[in-house]
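You will see two complexes here that share chain A, one where it goes with chain B and one where it goes with chain C.
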Partner chain A sequence: MKTVTLTLTNPSELFIEGQNITPDNFAGRKAAEIAALDVWEGKQKSPLGKYFTVEGDGGATAEETKIVLRGDCTRVKRIGQQMTAGEIVIEGNADMYIGGWMKGGKIHVKGNVDSFCGIGMEGGELVVDGNAAHHLGSSPRGEWRGMQGGVIRVAGNAGNDTATFINGGTIVIGGDADIHISTHGEGGTVIVKGNAKGRVGGQMVKGDIYVYGTIENPLPGFSMVDEVEQEVDGETARFAHYIGDLGERHPTSKGKTVYANLYTKL
Partner chain B sequence: MSELLIRNGFVFDPLQGIKGDRMDIGVKDGKIVETNALSSPKTIDAAGMTVMAGGVDIHSHVVGPKVNVGRLFRPEDKLFKSPHKSPTCNRMEMGCSVPSTFKTGYDYARMGYVFVNEAAMPPLHSPHVHEEIRDTPIIDNAAMPVFGNNWFTLEYLKNNEIENNAAYTAWLLRATRGFGLKVVNPGGSEAWGWGLNCANIHESVPYFDITPAEIVKGLIETNEYLGLPHSVHLHANNLGNPGNYVDTLESLKLAEGYAPKNDFGRDQVLHLTHLQFHSYGGDSWGNFESRAKDVMDYVNTRDNLTVDMGQVTLDETTTMTADGPFEHHLCSLNHLKWANVDVELETAAGVVPYIYSPKVKVCTIQWAVGLEIGLYAKDPMRTFITTDHPNAGPFTRYPQVITWLMSRAARDATMKTFKWLDRTIDATSIDGIDRELGLYEIAQMTRAGPAKALGISNTYGGLAPGMDADIAVYALNPEDMPSDPAMIEKAFARCALLVKDGIVTVRDGEVVAEPAKRTVWVDVKVPENAQVQRDIYEHFLRHYSVKLDNYSLFEEHLHNPRVIEVDTTQ
Partner chain C sequence: MPKRIENVGCPYCGVCCDDLVVTVSDDGKKILEVENACAIGNQIFHHATSEGRIKLPRLRQPDGTYKDISYDEAVDYAAKVLYNAKKPLIYGFGSTNCEGMAAAAKVAERAGAVLDNCASICHGSSFLAIFDNGYPSCTLGETKNRADVIVYWGANPAHAHPRHMSRYSIFPRGFFTGKGHKSRKIIVIDPRHTDTAQVADIHLQVKQGYDYDLFDAFRTAARGHEIPAEVAGIKREKILEVVEIMKKARFGTIFYGMGLCHSDGRNHNVDIAISLTRDLNDYTKWTIMAMRGHYNITGPGAVWSWQYGFPYCLDLTKKDIAHMNPGETSSVDLAMRDEVDAFINIGTDAGAHFPIEAVKHLKKHPWITIDPNICMASEISDLHIPVGIVGVEVPGIVYRMDNVPIQYRKVIDPPEGVISDEELFERIHKRLSELEAEETAKGPAKAAPEGARAEE
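== the complex of A and B ==
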């Protein structure tokens, strides 16, 4: 695996659209060619090298390419967007849309990320050591085909609207989550190890949510059916099992109605 | 203005009966002229290429409130699907199944089209329609106000007051700067106000106590009484349901005994649109099958009918129609988002995204039904290519539809991608049809025929001297047609040259100029009718949310009008 190191030496005034910063785009390119890739600052197109110093060449394929971003990337959006393989390590914070529409590979953010990270994700792994803002692992605006697969792990807290229209994959939030989790969900799993604010599983058709702490305002559309012992993310615990959202349509499978499941830790 | 001479192309002009002769076409001051009338023309070499008139689309939803609802509630339709701004165009382009106005104009021009008829204008929202017409570059537009569920129309026709209905129709065409009579699910969209529908043409509309059959017949009589350029343009009842071909045949038979009466060269009294959605057999989605042959056998024997295909293109698209109850029904089938609007005394509308998938049996049968309609057509001058944009697919797929019609190999290649190929073949007759249409027939189905049916064939759809200089040149040599169907599609997707009003607008598939576009509307003069004036005043006073004075389109909304005048007072 070859490593390309981008160091932000000339920060932008506006936010940078960095969708070209992916192993797919860096693969097969020398450092100078990578520095010549386009990024957009507002309506102006510039080469990547205007903002970053680029060290190291890309690997032969995306899989063999690792990208390390140094410096304060709080104003850099869309890193790893639509990436299919390889690895990205962001040493500090990053802005919105990190790992959006990701299909494979791994992104590790050591700081915080802003909203829309991991949206429309189909595969791969997005790990955030800090907090994530809103619409984590959600569907793009208007889209009813949300997260399809892959794993998102956020060690800190998450904002609103996590996992809207989730269809598959797993999201693990180490801290608390704000309102709206798995709204309209039709699959997938969301695990909140802290507390959830409310509107958990609204209009959810299928899929699972685990909340280890409390739900400040639970929805009336969920009804408790039993207590179960389950292994979740490597540890076993007892949960109260709710089904819902009872106000929503539900498919039937083998003669039985399929509901979404909400588990709260006992 | 400049002169042009398009030399040596293979010219297909069905309005003059020209079938691929090598000819020169002269252009002077925006009109087609005899070549000897030119003094020092700029010459364009079209040797080895196909020359046709600019395309005419008889039925497409491109402007107005429901199109905009589609744009607004489908931001995902723009995501990763919008091209970068073309350096040769003035405006950037967005969207796929519901493109922005700019993309609409540019993409039609790139395909060699110059006239597009907006298929449904809610009269109350006509200012919005005309504002979007203004913002759609290059192509000339007309828009048909909807009449089939209008309270005035229902009341007049219930009492069989054709003369009064005609006076109201003339007033509404002027108030909205409309082009002709569109009828969407007659009675059914009004019944939707009660949460009901008219599932067949004999089911009475609640409160109004009139049947869809009576509405359609009354409107045909009104249309011929006025002698409008276009005929009644009908979206029949019971769209999209298994077994609806029975209702379709009954709707078509309503035209029996009526003869066209107009000065515009139109031969039909009824245009039944997107026939594909109306030609289904079976009684459930399980035994859903094609009845295109039954319907086309009838259409082929009746000279006073025209139809368009409404071809399913197997894309992800956005359905939108004034058929409110149908959209609700569709939403309950696919569980996607749904928008619904009631337009006061006039109509309704609904919008739902839809994915026509080659993996779904019903969708692939629908695909076959549409092509069967095109291939069973005995008279291509009465059967037109549409996708009911965007309902069965985006208009940008016309080149693909043309290719399917022209090439059995192209149909076979598409059929190979079907998950339920055997069942599709069993439920349709598409696999037994070897017919391949030629360029002359395509010219009939995309320009000459629609122009004639719209009553505008003195201006659009042909290449006779005196007509608008709208000329499309395609990189196809009729004497050496490509064996690869993909090449046909490519040629029709990006024309080699489009001349609009004598101005070179598209060259090698790129828009290079944006000549002034027009709004085409029909101004009908009728004798003063005090009763209708009073009815209009009363209804506005009691029932409308706007005042009569604010209802009619203000002149500033109307962009570059081209008026077709009809005088019934003579």
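== the complex of A and C ==
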């Protein structure tokens, strides 16, 4: 695997839109060619090299390309957007849409990320060591087919609207989550290892949510049915099992109504 | 003799009353009387011919004062600000006509700007819910003629839309509602005991910020499942009673306001209200409608959706593609994140409506206000361009809160020399095109085609 190192040496005045910073776009390109790729700052289109110094060439394919971003990328959006393979390591913070519409490969952010990260994700892995803001693994506006697959791991806290319209895949939040988890969910799994504030599983049709801590305001549409022992993210524990959202429509499978499941740790 | 003009539209709120009668003086210069309008609508007409109207653009001077300049100079200034900025923001449009909005969109597209309207801090979250969940709505006429159950949720029309209740929802006698308010059930859901709640048959005093939970309880109860003894501060019996009334209605409308779209959860509160409306249609006919604020704030949604496919928060910086994602491309977020470097405030007052922090961020860059009147935004601007008042001095199309377009007309002429929003934006567009052409002419000539010339 070949490594391309981008160092942000000339920060932008506004925000940089770096949708071209993906292994797919870097593959088969020399350092100088990578530096000539387009990035946007508002309406100004500039070469990547205006802001970043580029070291190393891309691999032959996306799978063989690793990108390391150094410097403060707090004002860089859309890194790894729509990537299908390869690896990206962001040494610090990053802005919005990191790993948005991602199909494969791996992104590792060592700092925090802003909103809309991992939206519309279909596959691959997004790991954030810090916190994530809002709309983590959510669906893009107006899209009723949300996250389809892949794994998102956030070690810290997440903001509101996590996993809206989730259809598949897994989101693991190490800390707390704000309101609205898996709203309109039709599948997939969300695991919150800290506390959840409320509106967990509102309008949810199918899918699973695990909350290890407390839910400050549980919804009236969820009803407890039994206690179960389950293995979650490599550890086994006992959970109170709720079904819901009883106010929402639910499909039937083999003569039985399918509900969304909410598990809270006992 | 003074002239009486009938069936005049009112340029105040989203109800768009079109039954005003305006009496204008002999010389057509003074508005003498306005009949049928509410106190606020009345004031808008009288204000037009009162003292102290601004008649020329005003440019900020180094000593902090304003100096009158010509429209040509103002157009040049605005075009240069837009041309030089990397990401200008054009925001407002609550109080202008659709013609002005279309012209502004032309400017935004040419300038590579972000184009946003007051929905951004108002009913924009309703759009997001409508994208996600549809909009089972109706016109106000249908509500007037058919509805026997009216729900006001998080809205206070008694103050914000003064004639809404008398024209469309509670009091009028319609085709199938001949008994007027006597045959209607009024349910108001609001954390405060508002003046609207005073006229309600049932007032549910929901705990502030728990509307989503209450909707969930309504939906769960409507499907016949158990609900907790109390949800959002409302007793189970009361919830079941209201659900029963809603199911037994002949025709119902939920009117909702800022209580839903600007309390915690925003679009999700509206989203679940739409879900409840859909559920109730299993039993009877129910509809839902946003209580849009200004008389033509529905307009930019209609105009720009037609032009670009999105109603608000349009990022046109890439010129050939429109991108929209509130949270990123919404005005207050752009300001707070320092993501824009020029600001045009038109037909609204961002100085008064935006959070003070957002105003401080925007003030780091050029700020232009386009407004007929002196407002907070005009007083902190670098340039203030006055325009004619739509509905009083300028005619045009406006969209009522139920998406019905209405042709507004003018009753008097604008002060001499004052132009309309549409003309102003057309002139800015022309100047922008000139600037672009000048810049292109300065650049290197087109490269000569490669290859050897054939011998002569």
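What to note about this one:
We take it that the second predicted complex is superposed on the first by the 266 of 266 C-alpha atoms of A that agree within 3 Å, B and C clash if a C-alpha of one lies under 4 Å from a C-alpha of the other, contacts with A are read in each partner's own complex, and residues count from 1 in each chain.
Rule of thumb we're sticking to: contacts are C-beta pairs under 8 Å (C-beta built on N, C-alpha and C of every residue); 3 or more make two chains touch, one makes a residue touch a chain.
None of these values were measured; they are calculated from a predicted model.
In the model built by aligning both structures on chain A, chain B clashes with chain C.
Contacts of A:T214 after superposition: neither chain B nor chain C is touched. When the two structures are aligned on the shared chain, A:I179 is found in touch with chain C, with no touch to chain B. Ranked by how many residues of chain A each touches, chain B and chain C are led by C. Contact with chain C, but none with chain B, is seen for A:Q203 once the two complexes are overlaid on the shared chain.
Looking at the shared chain after the overlay, A:G42 reaches chain C, while chain B stays out of its contact range.
In the superposition on chain A, A:T9 contacts neither chain B nor chain C.
In the superposed model, A:R141 lies in contact with both chain B and chain C. Working note: chain C versus chain B after chain A overlay, options 98-106, 134-142, 152-160 or 188-196, clashing stretch identified as 134-142.
Shared contact residues of chain A with chain B and chain C: 140-142, 144.
Note for the complex: chain A touches chain C at residues 13-15, 40-44, 96, 115-116, 134-135, 140-142, 144, 160-161, 165, 179-180, 183-184, 198-199, 202-203, 217, 219-221, 223, 245-248. Of all residues in chain A, only 140-144, 249 touch chain B in the complex they form.
Residue ranges on chain C touching chain A, taken from their complex, read 85-87, 111-112, 128, 131-132, 210, 212-213, 215-220, 222-223, 225-228, 231, 264-265, 268, 271-272, 275, 279, 317-319, 324-328, 337-341.
Remark: chain B residues 73-77, 79, 335-337, 353 touch chain A in the complex.
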